[in-house]
Every structure is written in C-alpha cells, then in structure tokens.
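One chain, chain A, links the two complexes that follow: it is found with chain B in the first and with chain C in the second.
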Partner chain A sequence: MAELAADKHVKYIISVEKRKDSFENVVMEHLRMNGVYWGLTTLDLLGKLDAVDSQEVIQWIMECQHESGGFAGNVGHDPHILYTLSAVQVLALFDKLNVLDFDKVANYIAGLQNDDGSFSGDVWGEVDTRFSYIAICCLSLLHCLDKINVEKAVNYIVSCKNVDGGFGCTPGGESHAGQIFCCVGALALTGSLHHVDKDLLGWWLCERQVKSGGLNGRPEKLPDVCYSWWVLSSLIMIDRVHWINKDKLVKFILNCQDIENGGISDRPDDAVDIFHTYFGVAGLSLLEYQGLKAIDPAYALPVDVVNRIFIGR
Partner chain B sequence: MDSDKDEGETVLPSQRPDFADVIPIPQDDGPNPVVPIAYKQDFVEIMNYFRALYLKDERSPRALQLTHQAILLNPGNYTVWHFRRLILEALNLDLLEELDIVEKIAKNNTKNYQIWHHRRWVAEKLGNDATARELQFTRKILSLDAKNYHAWSHRQWVLQALGGWEDELDYCKQLLEEDAFNNSAWNQRYFVITRSPLLGGLKAMRNSEVNYTIEAILANPENESPWRYLRGLYKGDSESLVNDPQVPSVCLKVLSVKDNPVFALSMLLDLLCHGFRANQEFRDLVAGLSPSVPDEPDSDLAKTICSKLEQLDALRANYWRWRKSSLPRAIQDSKN
Partner chain C sequence: MSGEDTFSGSDLLNQFELILESDPLIDEVGFIHPSQFELLNSEAGSSFSETHIGDSKEENPKFWIRDHKLGISTHLLFQLYMAAKDAFTGALAQYRTLEGRYNASSSSLDTLESEVMKHSKSILLLSCDFGTAWNSRKLIVSKKQQLSVFIDELSLSALVLSYSPKSEQAWCHRRWVIKMVAEKCSTLEEIIGKESKLVQKIAERSKMNYRAWNHRCWLVTYMTREQVLDELKKSRDWARLHVTDNSCFHFRTRLLLRILEEFCHKQEDENVKNTLQTYQIWQEELDWVAVLIKLYAGREALWLHRRFLSFCWIRHFTTDVGDLPDCSQHKSNINTNIYMFLDNELALVTSCSTMPDNEFEDFQAQALHAATYILWLTKQIPKFRDIRIREKLSATNMKSLLVVTCPERSSLWESLALD
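Our next item is the complex of A and B:
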C-alpha cells in the first residue's frame, strides 16, 4: 500500500502559492483566506508550519479585517462570516489570537444572528446552517459564546434535522454530510449533542462508505476525499467512528495522492487541489495515521492548538 | 441593460472611451504574499477598473456592465455581486431582465453559492411575479443535474415564500420515474407531504404514500432512499410502523426474491426491536439466506439477522455487531 507522501505535500502547498499563470489562483482570489487556512492547517498537521513566515501571514490577515469587525477573503473585499472563521483559525494556529479585538470580532458575528436563531453569512442575509457552525465555532474560540442567543441557535439547527437523522442547510433541506458536520459540530460545541439521534445518524453516516472504501456525501453520489473529513469528524463527535471500515478509507485517501508532485485530489487520478489536500490529510489525522498531529473534529484545528486556547500551556 | 449583453461582455474597459476617466487600482496582496496570486491579463484589467469604481461607490450603468464582465470571469467573487446589488437598487432597473442575466451565468455555474443567493435576492424583490419563473428555472437546472443542492434549496424557498405547491408532488413523481435512486427527489417528496398547505399533512398522506413507497422498494430493493422514506412516514410512531401489515409484508416479499436483502433485513430488525412478532415464514426465509451463520440458534431471529448482515454488508460489520450486542432485552428474553 502507498504511504503518505508527506514531504511532497508540504512542497505542493508551498508551491501553490508561487505558481504563476494558474487559473486556479485567479478564481481563488476572493477566498484566499480559506486557502490560507486549508494550506497552513495541513502544514501544521504535517509538522511543518514553520515553513511559512508567520509575521507576513498575520499582517496580511489583519489587513483583511473590515471596520465592522468581520474579515474578508482578501484585502479590499467585503467581510463575510466564512472568512472571519478562517482568519481566527489561522491566528490560532500561530498562537496569535491576542492581536484580535475579541469584542469587535464577536460583535460582528453576533450581529449576524437572526430572530429565529439562524445566522446570515453577511449583511446580504443568506441563511445556512454552515453559518451557524461558523458563528458558534468562532465565538467559542474567542470565549464569547455569551454574545449570542445559544438556545435559539441550537433550536434552529434542530429544526433542520431530517427523519434520516441527518441535517440540511435550512429546515426541510436534504441531509448532506457537509451540513451534518456543521450541525453536529455546532451542537457539540454548545454541549447540545443530546439533540442528535446518534444511532440513526451514525448508521446514515456509515452508509456513506462505498465499495472503494471512500465516502460520499449523500446516497448514490460518488465518493470524494472531502467527505473523509465531513463524515469522519461527525462520526467521531457522536462516538460512532468504529462503524466504518477505517483501513479501506485510509487506502482510498492514499490512492488520491499525486505521489510525484504532491497534493491530494477528490478521487483517484483526478487533479489535486489545496482544498482536497487539506481534507485528505485531516481525514488521515482523524484516522490516527502515523506521523500526523491529531486534529479536533469540532474546531477543525490541531488538538494542541485547541488545548492551548482552552487549557493553557 | 441590453448593451450589457452586447459590448459589455467583450470590450475591455481600457478600450472604451466612457472609461477614460477611471484610474484602475491593482489588488493589494500585501508585501510578499503567502499565496501570491497569478492573474490572467483580461481579468486583471477588469478587476482593476472594478476596484476603482467600487472604491468610488459609483452606482452607474457602466459600473453595472463592469460587474457583469467581472462575474463572467469569476462568478465566485462575492464582493462584485454585492456591488451589483447596490447598483441595481440605486438605478431601480427592471429586475426581470436581471433574472435573464443570472440565468445565462447560472447555466455554466450551477454550483456557485453567489449566483443562487443573488437569484433569491432578485426573486424576493419581484415577489409573486417570480413564482412561476423560479419554479421553471429550478426545473431547468435540475434537468441537467437532478441532485443540485442549490437548486433544491432555492426551490424549497420559492415554495415556502412565494407558493406554487400545486404540481410539486407530481414533479417529485416525475423525477423518481426518471431515477428512483434520486435521494433529493425523495427528500422533496417528504418536504411536500409534510409542509404543503394543500395536502393534509403526514398522517393524511400516509396510506397513499406507503403504497407508493412499497412499489418503489419492490422495483429496487437495494435502493436506500425509499426504505428511509418508509421509516419517515411513521416518524415518532413506531407502534403504527409495527402494526401496519404492509411493512413486514414488503420485507417478506423482498426476502423471498433473495437478491439484495440488506435493507429488508435491516427493516425487519427494526420491526423486531419495536416489538414485532415474526412468524415461521420469516424465520425460514432468513435462515435460507446465504451465507449461513450456524452459530445462532434458529429461534433467535434478531441475532441471526445481525449475523447475516455482518456478512452481507461487511463494510459495516461493526455496526451490525453493535446492533446485535444492543438488542432490546425483551427480544433476547422472548427469543423472538
């Protein structure tokens, strides 16, 4: 069986940043903050976060902060809750949360909560359980959960629960592994996992494993490395991860590597990208693959980073 | 906005006399950026002009055209969409035309969050004038990809906010005729029977829905979706599930065929856990399924089912082992 080409992946992540002429980079301009989170979290899991200049990254992140307190995907763009969480997570990686005005960031997020407990992504009002997770995760990292109505936030998430035990993006929306991660994560971070039917959801989640060993996100869809994260982290949070075949999943992820040039793709033999490289490595970390730092399934940050925030050094 | 479609899409701002007064502003990626971005030339130019007008907050027809050009090059750039909405509001333009533009862009970008969010913003402003159009539009997108999550979300929003429930159950039926494995269509069906103001709710719909679902199961017993849908029809009412003779009967029929028994066995297991008493016919059918599992006594049906599932559904062997170890005491005692 192939092994994790850790050094190649480190090189790949650093090279993505330098590749001129790549259309991928043009399209990524507005979500560079997410790209930085994916890339740097992967480097940290691989034990190579020191390959980047933290000062430069932090300076750039702070230039992306808007007067409202939220962060944009890049300098000069509008703030959005998606990039605000990535910014906070990356600062946490570098143990530099102290550069933030916690109240300012927290007030921005709290201002996005709606009357029904849901969260909008930004001032334009798109609502999605993804944003509930982001708000709760971000506020938890900042020790500011008291800024929002947690009970209402939880009730909204519960209203998105389906009869198959899963969760959708809004009430009645189809269960989807990505949304399930967000909802279970938000419930875990607020101590509300009793709202989850763990046995039913656990069965639905382990039904996502297909013959190749990979996981899909919904019934009858193709497997994709990104679900190694969404499905696995959810299963771990509800304590049911032993219901899937771990060895087969490890093999599937390793088969999606570009052994020569580094990087991981969605499925074997597809083109690699930074997003799937993160999800592949994070998935392997959840599977306790040798040589990787452990990642926290709810905060999506290395466990040592989370411990530093909540337990101190 | 007609010019939007003609020259707007092709002529770069540096070639247009009406942009001569604008000084383009390049993206500031910081001193020695972590992820230096390589930009394509046209894209760079359009974005530089966009930044100039955006920073001036110029809500003009030419700015509107420029946002269109920028969106065509990168529909994911949410700031461009934001600015476009501000301009649309300021200029008070015909929003039906905006739907045309979005439709063109959406055809090649059906999984882009920004497009769908923009579309909803426009539809919300148009209100009931948009209902039929939005239902038609989502149908079109779903005809290309029947599981497109964004299209389904949009459609559910349209139904709840603007109405148009009349044909929805038929639409689900049509999609399931095209692909019985389409879980999104099953989900929509559940959405309709539980939320449509025109139907009587879950209990009123249960009988006809059970019949429909059983037919779907018999046609494709390996299809996960209708089995879950069937359970959903008895949500929070396991007593009715156990007491409805149609449910054990569909298990029996599927098990008699012997192909794809996994979901039928799983449903039978659930029934037993909820107090269903299986007769000899069930026992014989289960015992007859290969592979044989000699270690369980014939009388212990629930355990035998779990052992069979461990083998038949080996990927999830641990799940079935757990089911076996956590069978309700009542079943274990009565040797059901």
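Our next item is the complex of A and C:
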C-alpha cells in the first residue's frame, strides 16, 4: 500500500503560495485567506509549520482586516464571515491571537446574527448554516460566545434538520455532508448535540461510503477526498465512526496523492489542489494515521492548538 | 514576442467592454482555446454574421460572437483579468471616496457608477465568485430601487451561470435581488416561475448541481399553493428522466412538505378538499416511485425518496401510531391501517431482493437498498418493533442479506439487533 508522501506535500504547499502568474491562480485570489488556512493547517498537521515566515503571514492577515472588524479574503476585497474564521484560525496556529482586538472581531460577527437566530455571511444578508458554524466556532476561539444569542442560534440550526437526519443550508434545504459538518460542529461547540438523532444521522453518513472506500457528500455522487473530512468529522462528533470501514478510506485517500510532485486530488488520477490536500491530510489525521498531529473534529485545528487556547500550555 | 503582447491590457479590456455594450442580448459566455475558433467558424458556416475579433484573423483570434453567444480566447484570460481588476479596483476606490462627500456632483457620481457597473461586469464574466464586484453592484443597484435595474442583475447573474453553473455568488445575488423586489413587486409570481425554469435549464447541463437546486428549494417559500402544485407536476417528468439526481427528488420533498404543512395547520372546516388532495398526492407519489424503483434497479435516490414518503405517510395518514406526534384531528376520513401498509412495503422489498445468479451489480445494489429501506423504516417507527412485525421481518432474513451484500457496515447492522 502507498504511504503518505509527507515531504512532497510540504514542498507542494509552499510552491502553491509562490505561483501568481497564471489565470488559474489569480482567479482564486479573492479567497486567498481560505487557501492560507488550508495550506498552513496541513503544514502544522505534518509538523512543518516552521517552513513559513509567520511574521509575513500575520502582517498580511492584519492588512485584510476592515474597520468593521471582519476580514477579507485578500487585501483590497470586502470582508466576509468566511474569511474571518480562516484569519482567526491561522492566527491560532501561530499562537498569535493576541494581535487581535477580540471585541472588534466578536462585534462584527455578533452583528451578523438575525432575529431568527441565523447568521448572514456579510452585510448583504445571505443566510446559510455554514455561517452559523463559523460564527460559533470563531466566537468560541475568542472566548466571546456570550456576545450572541446561542439558544436562538441553536434553534435555527435545528430548524434546518431534515427527515433523513441531515442538515441543509436553510430550512428545507437538501442534506449535504458539508452542511452537516457545519451544523453538527456548531451543535457540538454549544453543547447541543442532544438535538441530533445520532443513529439516524449516523446511518445517512455511513451510507456515504462507496465501494472504492471513498466517501461522497450526497446520494449517487462520486466519492471525493474532501468528504473524508466533512463526513468523518461528523461521524466522530456523534460517535458513530465505527459504522464505516476506516482501512478502505485510508487507502482511498492515499491513492489520491500525486506521489511525484506532492498534493492530493479529489479522486485518484485527478489534478491536485490545496483544498483537497488539506482535506486528505485532515481526514488521515482523524483516522489516526501515523506521523500526523491529531486534529479536532469541531474546531478543524490541531488538537494541541485547541488545547493551548482552552487549557493553556 | 507574440502578437497578443503588442496589445495592451487596457486596449483589450476596452475591446471586451465594447462587445458587451454593443450586444446587450448576449446570453452565453464561454472560454475557448484558440484552436477551437476555427472549428466554431466552420460549424457556423461562412454565410452567418459571426465575428471573430483579433488583429490577425487566423493567428490570434480574441473573441468570437454569434447569435448572442460570446467566446473568449483562453490565451487572453490572464491579461484581460488583470486589466479588468485594475480598472474595477480603481473605479470602486474613486466611487467610494466621492460617495462619502456630501457635496459630490451628481454627474460625476453617475459617471463613476457606470464605470463600476461596467468593470464589475467584466470581472464577473472572468471570475464568477469575485464577491467584492457583486457587492459593488448591490450597493449601486439598491440606491436606484428600479425594477428594471433589478431585473438586469438577474440577467447578468444568468450570464455568469452560463459559464459557471455552480457559482455560489451568482446564485446568492439572485436571492438578494428577489428579497429586494419581493415586497413591492406585482410580478413576483412571474419572477419566481422564471427562476424555477432557469434552475431546470441549468440542471439539464450541470448534473446534480447542489447550488442550483438549493436555489429552487429556497424559492418554494415565495410560491403560492397553485405554484407549488404546478411545480410538483412539472418536475415529475424531469425526475423520471434523471433518477440518479437526488437533488430533484429533494426538491419534490420540499414541495410535498410545504403541502403537508398547510394540511396540518388549516382549520378543519376549510380543510376537507385539501385533505383529500394531500392524501391523493402522497398516494400517487408512493405509487409512482414504486414503478420507478422496479424500472431502474439499484438507484439510491429512489429508495431514499421512498424512505421519506413512507415515514410521512405513516405519521400522517395511518392509524395505530399512538406514540408519534401528528395532526390526527384532520384525518378522521382517511384511515389506512399501518399493518396493511407494511405488508405492501414488505411485498415490494421482497420482489426487489431476488438476486439473479450472474450477480449483476445493479441487482445487488437493488437488494441492498431494499433491505436497508425496510430496516430503516423499522428503526424510525417504534411501533414496528412489536412482535408481529419482528416475526415478519425475521422471516425475510434481511439482516443476513445485508451482512453479505454490504459487510462494510456490519457494525451498523449489528447495532440494529433485530432478531
């Protein structure tokens, strides 16, 4: 069986940062903050975070912050809750949360909560349970959950639950493994997992494993490495991970590596990208693959980073 | 140096924006490799009015336009994007500065507004999820508050979706527009109808597109009861032709739940007709899905849809389910016995569980889905755990079938503890 090409992946991640000369790269510049989170979290899981200049990254992150307290995906872009969480997570990786004005960031997020408990992604008002997770995760990392109405936030998430036990973007939205991760994660972080029917949801989630061992995100879809994270972390949070075959999943992820140039793709033999590299390595970390740091299934950060925040060194 | 480099980025952008201005009816955009230009031209034939615009017709084609379809050479994308971004960023910065001044002249503000609108459009036709460009349009459009301007935004979003049908921001922009016009617009019903059609059109080209179908589900809140019934009817043919598209079946779930909601909340006196209608709709859906299940063996989406239908059917239309919350006051005239229902389901499951010797994959999958279906239902309905049903189930030997067809989930099957 193939092994994890850890060194190659480190090289790949560092090289991605430097490519700025093609359309394929510049066209993603608006979400660079997410890319930085995916890349650096992967490096940390591989024990190689020191391969980047933290000062340079932190300075760039702070340039992306707006007066409102929210962060943009890149310098010169508008702020959004999606990039605000990534910014906070990357600062947490570097143990540099102290550069933040906690109140300012927390007020930005709290200001996005709506009357029904849901969260908008930015001032323009799109609502999605992803934003509920982000708000709760981010405020929890900043010890500021008291800034929002947690009970209403939880009730809104519960209102997005479907008959199949899964969750969608808004009430009545189709169940999707990514949305399920967000909803289960938010409920876990607020101590509200009793709202989840674990057997029912666990059933739907374990049915995501297909013959090749990979996981899909919805019925009838092809397997994709990113669901190694979304499905697996959800199964762990609801304590039903023994309902899937872990060995087959490990094999599937390892088969999606580019052994020569590093990086992981969605499916075997496809082109690699930073997004799938992160989810592949994070999935392997959840599967307790040798040589990787453990990752927290709710915060999506290495366990030692989470511990540093909540119980000190 | 190649020919392209002699053209500056801003010249290129001007040319691009001139094309967009001169044909406001462009309804499709695509990126095409230079080698495809020739093919497109030969397909189009020489008598048509296709134009491909470039300094030298054969060597460096840039844009291709015909019948309101625009093609952009992939060789230009980087240069064009950089120029569009610079122009957009500059215009937006100027606009923001001027907008903040109380004494800004309205004519210079107008000029900058149209610059921002023009360049943001160029950016979005190259980078569909460039949020800041969408936001700048929202800012300007919300100041105008004219229906026609809002409708133009729906057209731009549709144009972006023509080359990037999964663009999150393009779908989000549509919802923003609809929320803006919903309260004051007399043609909302018509707009919602058109939106639904657009999703169907995009779903045809872009299979199992979550964002597209999610948008259609979101629209249901704004639909009248007549529209809901109509959508249910219209999406049926589409679903029949796309039995693996779970999203379409989920859309039907959403419509059916909306009908059921009304059925549960209406007062008894106005309810007789609706109750009967709801009951019939549910019965028809169950029958229809059973036909599809037999016709298309091994389709997961069909069996999952049946789980939903049966679960709600038991909850709302059968008697003898004391331990589930329901709206029983409305169903006095509709009584189906739960055991009869279960007998029917067991018959369906048994007929789908025979595996031919050749072990054809679809039949294995069919047997697996059938067995899982009935066990899922048994687990969800506490009443099904009584002795009569347990006997019937153990007679069918579902569990050993599952252990054989799907050993990966053996610990799930063990946890069910059925026999």
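Following the convention adopted for this analysis, the second predicted complex is superposed on the first by the 311 of 313 C-alpha atoms of A that agree within 3 Å, B and C clash if a C-alpha of one lies under 4 Å from a C-alpha of the other, contacts with A are read in each partner's own complex, and residues count from 1 in each chain.
Criterion: a residue touches a chain if its C-beta (ideal position, glycine included) is under 8 Å from a C-beta of that chain, and two chains touch if they have at least 3 such contacts.
Every value quoted in this text rests on a predicted model; they were computed, and no experiment measured them.
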Room on chain A for both chain B and chain C (clash or fit)
clash
Comparing the two partners chain B and chain C, which touches a greater set of residues in chain A:
B
Does chain B (first) or chain C (second) touch A:V75, or do both, or does neither?
first
In the overlaid three-chain picture, which partner chain does A:D269 touch, first (chain B) or second (chain C), both, or neither?
neither
Check the residue A:D115 against both partner chains and state whether it touches chain B (first), chain C (second), both, or neither.
neither
Could you look at A:V16 and tell me whether it touches chain B, chain C, both or neither (first, second, both, neither)?
first
Quick check for you: in the superposed arrangement, does A:E260 touch first (chain B), second (chain C), both or neither?
neither
Touch test for A:R32: chain B only (first), chain C only (second), both, or neither?
first
What is the contact status of A:D50 with respect to chain B (first) and chain C (second): first, second, both, or neither?
neither
Contacts on chain A seen with chain B and repeated with chain C across the two complexes
21-23, 26-27, 30-31, 72-73, 76-78, 80, 122, 124, 126, 162-164, 168-170, 172-176, 202-203, 206-207, 209, 218-221, 242-245, 248
So, in the complex, the side of chain A touching chain B is made of residues 16-23, 25-32, 35-36, 39, 52-53, 56-57, 59-60, 63, 72-78, 80, 122, 124, 126, 162-164, 168-170, 172-176, 202-204, 206-207, 209, 211, 218-221, 242-245, 248
Going by the contact rule set out above, which residues of chain A touch chain C in the complex?
21-23, 26-27, 30-31, 72-73, 76-78, 80, 122, 124-126, 162-164, 168-170, 172-176, 199-200, 202-203, 206-207, 209, 218-221, 242-245, 248
The residues of chain B that touch chain A in their complex are 27-40, 43, 47, 51, 74, 76-79, 82, 85, 113, 117, 120-121, 147, 149, 152-153, 156-157, 181-184, 187-188, 190-191, 194-195, 224-225, 228, 231-232, 235, 315-319, 322
Of all residues in chain C, which touch chain A in the complex?
74, 77-78, 81-82, 85, 89, 126-127, 129-132, 135, 138, 172, 175-176, 179, 208, 210, 213-214, 217-218, 220-221, 244-247, 250-251, 253-254, 257-258, 299-301, 304, 307-308, 311-312, 372, 376, 379-380, 408-409, 411-412, 415
